[in-house]
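Report on the structure given below.
We call the chains A, B, C and D, going by the order they appear; numbering starts again at 1 in every chain.
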Amino acid sequence: MSDGPATILRVRFGETDAAGVANNAVYLQYFEIGRIELLRKRGHSYADVHGSGIDLIVAEAGVRYLRPLWFDDEVAIHVHMTDLSRASFTFAYELFRGDELCATGFTRHACVQRPSMRPVRVPEWLIAAVSE
Amino acid sequence: MSDGPATILRVRFGETDAAGVANNAVYLQYFEIGRIELLRKRGHSYADVHGSGIDLIVAEAGVRYLRPLWFDDEVAIHVHMTDLSRASFTFAYELFRGDELCATGFTRHACVQRPSMRPVRVPEWLIAAVSE
Amino acid sequence: MSDGPATILRVRFGETDAAGVANNAVYLQYFEIGRIELLRKRGHSYADVHGSGIDLIVAEAGVRYLRPLWFDDEVAIHVHMTDLSRASFTFAYELFRGDELCATGFTRHACVQRPSMRPVRVPEWLIAAVSE
Amino acid sequence: MSDGPATILRVRFGETDAAGVANNAVYLQYFEIGRIELLRKRGHSYADVHGSGIDLIVAEAGVRYLRPLWFDDEVAIHVHMTDLSRASFTFAYELFRGDELCATGFTRHACVQRPSMRPVRVPEWLIAAVSE
């Protein structure tokens, strides 16, 4: 899957911490924004996922912090799929400030039935959406 | 209503911002923690509120920032009710670091029916709980 | 001061809470984003403020929650100044989803010297910037 | 290093998201709280680290989400060191709700000089503190 245009955001003041840089937990929020925007570009809102009675859960996540992000930095979030099975799929992320790669990471996702939270197969339409 | 023992928390590193102090938005989270703990002390979990098919919404909030809160400061949250009608109720908050008053504020609440979000009367059990 | 074009953002999934709507504390972050963007439009980065050895603090804040904001809602933040003195200034905010007014609020600001955090006059360049 | 008593916290309402559970990004905040408390138990405040002209940065982080955490769940954060060199050290985390293991993870840290953010050796006193 090519990831198309990146999602652009700016580091918010409230996302920095007393060390003067974006707090390490914020990166997982950036990843979440990136994958939701990817779904939107594929023609699916995250609401579609919920509406279908399932939930996408994050089963695993990882971040490598290469360069600090500062308040007001413009950050480009690139997302692409790296792995897809019937039970789960994985996104890889790259955060760029200009042409500097500042962080990389991944999230692995599974589908669960609501409200039991039991694992179910990733639906075909979602597989199609994310693997385009 | 006497507010009983205060809720104690520490300013988290992730709650500070690049100015080195607790970000202004965090105070509303502290207020939320304070009122939820107050309900708990009255024998009601916030889940009780949801379970009864209604939701407590915040209709209005205000904060006065008197002294900055720093990372790792131990903060005591005092909550008491200042106003109660059938349609809404108001909590007042005081945040202390030791005996320094660092912030004051209030939140005014109304009840809504789920999922329509239409206003309903505050239930008697909730009035009793918060006005003890 | 006319507030020029509004700042547009989307309610992030991580900004919602278990009630399904944007958490009440998030609004103060939206206000912060709005006023920082206003400064930027006036030709000043927030870094300029810090660089000049002073800090802009929030002395008081208030929010009126009129309609809930849901995940993925596109929100327009309008900001304009309502009050200006040598010691402080006040911004008023309006959050719109389409043409629905969903929240209003204000923040009152003072300037302090770093690192003593003692109040100082609002510098002329900042008065000029925000009162344009 | 034995990790001594766990740090206990409750899932805050504002930490949940519209899926009804603690948002995936919050876990990195829990880890941060856990390691700061560990330092405190070893007799060092995080302020000591800063005061010494260095900063502890997060170079890498990972989380495995095993069971969802719900609003108001009481969570025990266990932290212990798994790796230590002159250039970096690694903490491992386990989040328990009662005796259910709900998440595991790690963070790898390096030291940098402020404000250049260039890597430096982990100081002896910090090595001693975390490896007790």
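Rule of thumb we're sticking to: a contact is a pair of C-beta atoms (placed from the backbone, for glycine too) under 8 Å apart; a residue touches a chain by one contact, two chains touch by 3 or more.
All values derive from a computational prediction rather than experimental measurement.
Participant: Which chain has its C-alpha centroid farthest away from the centroid of chain C?
Facilitator: D
Participant: Looking at A-C and B-C, which pair shares more C-beta contacts?
Facilitator: Spelling it out, more C-beta pairs touch across B-C than across the other pair.
Participant: Which whole number of Å gives the spacing of the CA centres of chain A and chain C?
Facilitator: Each chain reduced to its C-alpha mean, chain A and chain C end up 28 Å apart.
Participant: Centroid from C-alpha atoms only, then distance chain C to chain D, rounded to Å. What do you get?
Facilitator: Once rounded, the distance between the two centres reads 32 Å.
Participant: What whole-Å value do you get for the distance between chain B and chain C if each is reduced to the mean of its CA atoms?
Facilitator: So the centroids are 22 Å from each other.
Participant: If you look at chain D, which of its residues touch at least two other chains?
Facilitator: In chain D, residues 13-14, 19, 23, 25, 29, 32, 71 touch at least two other chains, as defined above.
Participant: Take each protein chain as a node, join two nodes whenever their chains touch, and name the resulting shape: line, ring, star, complete or other.
Facilitator: complete
Participant: Please output the residues of chain B touching chain D within their complex, sorted ascending.
Facilitator: It comes out as residues 12-14, 29, 32-33, 36, 45-47, 71-72.
Participant: So in the complex, the part of chain A that touches chain B is made up of which residues?
Facilitator: Residues of chain A touching chain B: 13-14, 16-21, 23, 25, 71.
Participant: If you look only at chain A, which of its residues touch chain D in the complex?
Facilitator: Residues 19, 23-29, 32, 50, 55, 57-65, 68, 107, 117 of chain A touch chain D in their complex.
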